[in-house]
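The structure appears right after this line, and notes come after that.
Each chain carries a letter (A, B and C) given by its place in the written order, and its residues are counted from 1.
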Amino acid sequence: MNRLRDKRVLMAVGLVAVLTLTLVLPAISPESATTNMAVFTLMYVGLATAWNIMGGYTGYISLGHAGFFGFGAYALGLLLARLSIAGGYAPFLFVPVAGLLTGLMAAGVGWFALRTRAATFVIVTIAFMFMLQLLAENLTSLTGGGAGLGFPNPPWRGDFFNIPFYYAMLALAVLGLAVSWSIRRSKFGLGLLAIRDDEDKALAVGVPARAFKLTAFVISATLVGMIGSVYGYYVTFIYPQFVVDPLIGISMVLMVFLGGLGTLWGPVLGAVILEPAQLWLAYNYGASRLYLVLYSAVFLLVILLMPRGIIPSVRDLIAERRASAPAARAGAAP
Amino acid sequence: MTLVLEAAVLGILTGGVYALMASGLTLIFGVMRIINVGHGALVILGAYLSFVLWRNLSIDPFVSLVVTMPVMFVLGVILQVVFIRPLKTDREALSVLVTYSIALGIEGLLGYFFSSNYLQITAWYDTASFPIGDFRITYVYIYGFLLCLAILGAIFLMLYRTTFGGAIRATMLNRTAAQLVGIDVDRVSAIAFGIGMATAAAGGVVFGITNTFNPGSHYDLISRLLTIIVLGGLGSLRGAIIAALVMLVIEDITAVVISPVWASFVFFVILVAVLLVRPQGLFGLRVRERL
Amino acid sequence: MRRALIATVAGACLALTACGGGGTATATPSSGTPITIGVSVSLTGDFSSDGPALQKGYDLWAADVNKKGGLLGHQVTMKYVDDASSTTQVVTNYENLISSDKVALVFGPYSSLLTKPAATRVDRLGYAFPEPAGGAPSVFALGLHSLFFVQPAAIEDNLVSYTNWLLSLPADQRPKTAAYATEDDPFTQPQVDKAKSLLEAAGVQTVSYKVYPAETTDFTPLALKVASSKADAVILGTQVPDAIAFVKTFITQHYNPKTLIETAGPDQGASYSDKLKANTEGIMVPAGWASGSQAYGNPTFVSEYVSKYGGSAADISADSAEAYSVGQVVDQAATKAGSIDNQKLIDTLHSGTYQTVQGPMGWDSVGKPQGGVGVFVEQWQNGTAVFVYPSTVAAAQPEYPKHDWQ
C-alpha cells in the first residue's frame, strides 16, 4: 500500500516538475531558435498523443492523419480570411472552430473508412489524405491552390513571436494528454482496448464497436485538426503538399511506436526524442543527404530490438528485475 | 473523340507497368500479410540501377534487366530475412514502419550518390514512333508493355504450373494450414519477397524510361500502387492487373477530357466508390476464401 | 507546492513580457572581423535541382568579394543548410541561422514557394532579405519592407517581351492559334496567364489551356493534348523535368509548332540540352540574364564560373547568375551605406539603382524590382541560348518559324 502511495506522490511531483519546466522554458531560453524547436516538438507531442487515441487504443493504424492536420490548417486560414480577422491573439480563438470542422469531416470519413479493417483501412486512410491534398490543390478559388494560402501576419517582432505559439501548442498537447488519460480510465477506453485485442470477441460481449471506433477516430482527428490550425498560423503560409504531407502522418506513427503503442506517455517520449533529433539532423547534416539514412537506420534498430516501444520494454525490464529480487525490495520498503 | 481513344491507348500501355509493379506488391501482401510501403522506393532503386548500367556501360535499359532483376531478387531475400522475418507481434503495423524506414534509407542513399536531380533513362530509340491514324505511338511504350506482359505471364506460369508456385498459393490461402502440410513458409516468404523485388526492378526500367524520376519519386508512386492493390482486392494478382489498367485508362482520359488536375482525384474517387459497395475490393480475399 | 508553482509561472510571465519588447538586436560586427552569411537551399526534395545552382552562384560571389578584401573589409563565409524543399524546415533554418548561429546577413532560398514563409520570419527578426528566386505576385503581396527580389522584373511580366515580339511579326506570319499548359505553381502560372490575356487581346485564339498539378510525373497525356490542338504557338509554364518531357512528346508526335517557349528549363544550360541534343534548336525561354551579356561584372562571372566548375558558358544556369547578383547588390549597398547593419542595408537598398550581371535594378517599398531593363527572349540556336529580342540586346535574329524536329 505504502509503496503504491509513494509511487503516486513521486509521479505527481515529477509531473508538476515537467509541467513547470515547460511553462517557464521560454523565460529560460528565449532565443527563437530554441522556442521554434520547442514549438515543433510540442506540436508532435500533441499529434502523437492524438494519433495514439485511435491507433494505439483501437489498433486501427491510420497513415492519413496528415489529412486532418492539413484540413485544420486550411479551415483556420479560410475562416480568418473570410472573417477578415487581423493577426494577433484573436486567431487562436478560432482554433476550436477549426477543430470542430475537422471533427465533422472526420465523422464522414470515419463512417466510410471504418467499414474496412486492418490493411485495407491503412490504405483507405492514405487515399483519403491524398484526396484532401488534391482538393486543396484543385479548388483554387477557395484555397489558392498551388500558390498557397496566407495567414494574417501577427504584429509580434523578434524573439517574442514564437512564444504565443509555444503556449498554444503546449495547451493543445496538455489537452490531448488529458483526453487520452481520461479515455484510458473510462469504460469507453476499455471497450477500445477490447476492440484492439479481438474485435469480433468485443462485438460478441456487447461492445458497440462501430460507434466506439468512430468516436475515437473523431476525437483523434479533432485534436489533430486544432494542432494543424495553429501550425498554419505559425508558418504563416501553407501549401497543399506541405501541410497535407504524408511525412507528417507517418512521423506521428513512428513516434508512438518508438515510445510505446497504446501507452499514455509513450507518444510524448517518442515525440520528444524524434522531433528535435530530426530537426537537428536535418539542419546540421541535411546538406550531406545522409541524415535520411541515419534516421532510417536508427528506426530499424529500434523496431528490431524493441518492437513494442521504449516504455513497455523498459517496464518489462524493471518488472523482471523486481521479480528476480523480490525479497530485497520488500525489505527495503519502509 | 480521337483524343479520348489516344488517351485510352496510352492508359493501357502505361497501365501495364503499373500492373507489373502492383502485382509484386500484392503478391508480397498475399504471402506475408504485410504492406510493403517501400515498394515504390525499390522500383526507383531499380530505375537507378538500370540508369547506371546504361550511363556507365552503355547497356540498353531493357537488356540491363538481365543484371538488375537477379540483383534485386537477392536484395529482396536479404531484406525479408533481416528486417521482416524477425517481426513477431503487431506484424501488420510494424511491417509498415519497417518497410517505410527501408524506403527512407534508399531515398537517402540514392540522394547521396546521385543528388536529387531529375533523371530519365534515354535510349537512342526513345523518340522513335509509328503512326496510328493521326496519332503516333512511341516504340518504348510498346516494348515496355510487352515486357510487362511477358513477366506477368512468367509469374502466372510459375504460380500455376510449378510445385513451388503451389506452395506460394497455399501460403497465400492459409498460412497456418500451409505450415501444417509441411510447406516451409519462411522460405516461401523470402522468395516471394525476392520475386516482388525482381518485378520492381523490371517496373523501374519501364517507369524510368517513360517518367522523370528522382530519389523522392517513390512517395507518389507508392500511393498509386497501394490504391491499385486495394481496388483490386489485397492479395489478388488478377485484381491488381485489372485495377491498374482501369485506373490508368480512366486517369488519362480524365486528364484530356476534364483536366489533368482532376486525374489523380478520380483515381481515389473510384477507390472509395468501389469500397463502398465491396469493402474487400474487386477480387478481394473474402471472395477467394469462400471458393 | 501549488503556491510555488503559481509564483514560478507568474515570474515566467513577467520575464516573458520583459523579453517581448526587445526583439533580436542585430549586432554589427566590428570592422575587419570575418562574417558568415546564411542561406537555406533545397538540396533534397522538389527544388533540389535548382538549389545547387543557387549555391554555386553564392559561392562564386563570396570568393570574388573575399579576393578584393571582403565585404566592407569583412571576409565572408557562406553557411548553407538544407530545407528539403519543405516549409517547416525553411522556417526552422532561418530561425536557427539568425538566432542561434548569429549570422551577419541572410540571402534567399529557391522559389517563391519557400521565399514566402522564410521572408516573414526574416523580416520579424529584423534582417534584410535579398533573394534571387521569389518573384511571384503573392511574394510582394506580403508587403515586407525588408525583401528585395533581385531579378530585372517581377515574374508575372516574364513573358511580356515574348508576346511583344510575337505581335510585332507581320500579320500574315503571326500565329493565329496558341496552346497553353502550366504547372500549378506561383512561379509559372502567373507568367502564362498574363501571356494568354495579352495574346487573346491581340486576337490570337486560345485552342487549349491546361493547368496541371506540380506533382505530375507523366506529362505524356498533357503533351498529347497540346499536340492535338495543332496550335501555331505553344506557351508552357514549366520547370526543368516537364520542360524536357513536353518537347520529347512533341518530337515523337512530329508536332512542329511555329514557336515554342517554356518559362524555365531552356535557361538551365547543359542540364537541358544534354537531354534534347540538337532538338533544342529554336526553343525559347524568357531570360533576364544571358551568358554573353556585357552587363556589370558578367564577363568576369562567366569566366570564373567556367574555370571553377568546368563546362562552357552555355552550361551556366540562370539560377547561379541570379544568386551572384544578390551578392553584387549587397556589396554595393554596404559600400554605399558604409555599414553591413541590416537596418541600414534595408534603407539603402530602397533608394537608387544597383548594377548586377542581369543589368541595373532598384526596388519599390515591397521589394518589387523597378527600373530594370526587363526580361528578354532567349532562343537556342546551334547549341547555345542567345538573346534574340528586343533588338537592343539581341545577339542574333530570332529564328521563326522554328525548324522542324530532327
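Criterion: contacts are C-beta pairs under 8 Å (C-beta built on N, C-alpha and C of every residue); 3 or more make two chains touch, one makes a residue touch a chain.
A quick note: this is a predicted structure, and the numbers were derived from the prediction, not measured.
Visitor: Provide the labels of all chains in contact with chain A and in contact with chain B.
Guide: A chain counts here if it touches both chain A and chain B, which gives C.
Visitor: What is the chain whose Cα centroid lies farthest from the Cα centroid of chain A?
Guide: Computed centres place C farthest from chain A.
Visitor: Is the number of contacting C-beta pairs greater for A-C or for B-C?
Guide: Spelling it out, more C-beta pairs touch across A-C than across the other pair.
Visitor: How many angstrom lie between the CA centroids of chain A and chain B, rounded to a whole number?
Guide: Distance between chain centres, rounded to whole Å: 32 Å.
Visitor: Rounded to a whole Å, what is the gap between the Cα centroids of chain B and chain C?
Guide: 37
Visitor: Send over the residues of chain B in touch with two or more other chains.
Guide: Correct list: 111, 115-116, 261, 264.
Visitor: If I count partner chains per residue in chain A, which residues reach a count of at least 2?
Guide: Within chain A, the residues that touch at least two other chains are 134, 137-138, 289, 292.
Visitor: Could you list which residues of chain C touch at least two other chains?
Guide: 43-44, 46, 184, 213, 215
Visitor: For the complex, give me every residue of chain C touching chain B.
Guide: The touching residues are 43-46, 48-49, 52, 184, 210-213, 215-218, 220-222, 224-225, 228, 240-241, 244-245, 248, 251-254, 271, 275.
Visitor: In the complex formed with chain A, which residues of chain B make contact?
Guide: 29, 33, 35, 83, 86-90, 92-94, 96-98, 100-105, 107-109, 111-112, 115-116, 219, 223, 226-227, 229-230, 234, 261-262, 264-265, 268-269, 271-272, 275-276, 279-281
Visitor: Given the complex with chain B, which residues does chain A contribute to the contact?
Guide: Within the complex, chain A touches chain B at residues 55, 59, 61, 63, 112, 115-116, 118-120, 122-124, 126-128, 130-131, 134-135, 137-138, 246, 250, 253-254, 257, 261, 288-297, 299-300, 303-304, 307-308.
Visitor: Mind pulling up the chain A residues that touch chain C in the complex?
Guide: Per the touch definition, chain A meets chain C at residues 16, 20, 23-24, 26-27, 30-34, 36-37, 40, 134, 137-138, 140, 145-148, 150, 153, 156-163, 235-239, 241-243, 245, 279, 282-284, 286-287, 289, 292.
Visitor: Where on chain C does chain A make contact in their complex?
Guide: Going through chain C, the ones touching chain A are 1, 5, 8-9, 11-12, 15-16, 19-24, 43-44, 46, 80-84, 86-89, 91-93, 95-96, 98-100, 113, 116-117, 120, 124-126, 136, 138, 141-142, 183-186, 189, 213-215.
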